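Here is the structure we will look at.
Per-chain numbering from 1; labels A, B and C assigned in written order.
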């Protein structure tokens, strides 16, 4: 029984499937297995006489330069994504949102009054500052904690960051224009710029305290929007 | 892989990668997923300008006759092992619940007649459909609710899912075995009982009116469209 | 068993077989999925294509079955009895010459539909069998066993411009003393202005008054200014109506719009 006769034409009961078939088998086993598979394990699953080690070599060559490749993990084998294509397994979505009115006002107060405590921000805005607003501004790295105020309770203060200056194109917070300049620049126009109306909800959430004039700019703008929608 | 044409014009920042690269990308994405992936999903993960649909055609050809193959499932794609190698993979097989005859028949009726109402299923089987049968098929994610029928009572309809197609290796509901013959024999027609004129089950009667094609090609197409929408 | 039967008196063999078959059916009655299933099973004894089946013969078989079940005091579900009644009716239709004054479907039409139902049920059963005979995922072919997870990162970026910032600050700091006014747009009459004006005048308009009479002085002559003032006044009146302060009416299309103060007791 000299079994090694590759050029043997007639099939015997114990003849192994052709190497191409063995390659297919190894491919299917490795594909479907939930973990890397050893050569011994493959051999135990494949018909007798198969040589999974050799089939693996063929298969490995076949996948060279492909989107996936055959990789050795210890003494086992597995398909893995080609390293240069790892980015395909990351899905990233970027969503751009306008900063809420509460956030921009809080940020403005911090920028103009820094270092400023939370209580001071609330006093200026006339409404309480939600934890989320501060967190968001911190997360954006536009504000950070400053020194504690040397007053009873030693409250923390907030200051703007380098990144804030960078984002708003300022050399220092002192470059922010004063009220007079704002008015002169026409920035005290009563009309909120188009598209600002979405902020209304936010504001209502925090209460309308400090806005006794229901028919001020915001109320009117809100009402106008409702008409536009219908 | 011979994508590198020497006369390739100068590369711009937004130029899509060569088709060979795109094929690799599609290969990697599909290998990484156990679930079928839609072309849109692939496109969203690949660099701009890629054409995953074309890359898929190349890839499908590449895997012809291999141990795994590229299978279309509705409007999605997945790699699946070649069915003739199933014997190697018994170890991976998951014990599926044995379906009752009622469940199997109900499933077949939904697949061949979709979208189909419960009353129509009962009319075909001649017995009421138990709640448990529908629940089981829903749980397996083989059927789902389709559009409501625009008839009195607006009954819900059932259609088969992408997972159903995937499970039975069907590219689309139109590839159901024997569908054409059944249609040609008129066995998928909705044929109201003679003389039924509103004195009996009004809903069912009206349901069939004016929707002669509900069970025809259009019906199947309609169901597919719903898949595409999602 | 068949050996024993064949040794018996030949005349009895058929009846014994028939009886056995009938008993088998009766024992099995719970195994049938309703009357249609039973009819389909009975139809197999005719050994013909379902399209050429004799519905009359089938009806008789079914009725005989129900009769025997009854004689054996086997309780049949209601739908079996309903089907029996219907088949009895169908049988009479098929046997009697058609009554020309009778409306409704003929016996042949009813029989054809029954045959269609049986054929359709049979077809669905075969389709179901073919479906289940297909290669199945997780049994004959397999998904990727080692999927790699796709990490999903959602990044939200917030935008704000310096102008937004300054405007926000200006808004806070001037909330008290600041009064809106329109600069460099002297042909625009704002809704706030209209609201302001109308609220001042409201107490004096208990009767229907043309909206146009609310236009401020100096805004009536120039068309551009009148347009703006009209629009603002109209918008303001809608707002006031919404607040329940006034009522609006327009007797007919394009007629002048009129408003009046809503009486206190109406509110």
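The rule is simple: a contact is a pair of C-beta atoms (placed from the backbone, for glycine too) under 8 Å apart; a residue touches a chain by one contact, two chains touch by 3 or more.
Bear in mind that the values here come from a model prediction, so they are computed numbers and not experimental data.
Undergrad: Relative to the centroid of every protein C-alpha atom displayed, which chain's own C-alpha centroid is closest?
TA: So the chain nearest the centre of the shown protein is B.
Undergrad: Greatest Cα-centroid separation from subunit B: which chain?
TA: Of all the other chains, the one whose centre lies farthest from subunit B is A.
Undergrad: I'd like the Å distance between the centres of subunit A and subunit C, where a centre is the mean of that chain's Cα atoms.
TA: A distance of 38 Å separates the two centres.
Undergrad: Between subunit A and subunit B, what distance separates the C-alpha centroids? Give it in angstrom.
TA: Chain centroid spacing, subunit A to subunit B, equals 32 Å.
Undergrad: Counting only Cα atoms for the centres, state how far subunit B is from subunit C in Å.
TA: Distance between chain centres: 22 Å.
Undergrad: Can you tell me which residues of subunit B touch two or more of the remaining chains?
TA: Residue numbers touching two or more other chains: 31-32, 45, 79, 81-82, 89, 92.
Undergrad: Two-or-more-chain contact residues of subunit C, please, as numbers and ranges.
TA: Within subunit C, the residues that touch at least two other chains are 142-145, 148-150.
Undergrad: Using the touch rule from the top, collect the residues of subunit A that touch subunit C in their complex.
TA: Per the stated touch rule, the residues are 28, 31-36, 78-81, 89-99, 101, 103-105, 107-109, 111-112, 124-126, 136, 140, 168-170, 176-177, 179, 182-183, 186-193, 210-211, 215-217, 220, 223-224, 227.
Undergrad: Which residues of subunit B touch subunit A in their complex?
TA: It is residues 1, 23-29, 31-32, 44-46, 65-68, 79, 81-82, 85, 88-89, 91-92 of subunit B that touch subunit A.
Undergrad: Taking the complex as given, what residues does subunit C use to touch subunit B?
TA: Of all residues in subunit C, those touching subunit B are 33-37, 79, 104-105, 109-110, 112-113, 116-117, 119-121, 123-128, 130-132, 134-145, 147-150.
Undergrad: Which residues of subunit C touch subunit A in their complex?
TA: Touch list, subunit C to subunit A: 142-146, 148-175, 178, 180-183, 190-192, 195-196, 199, 235, 238-239, 242.
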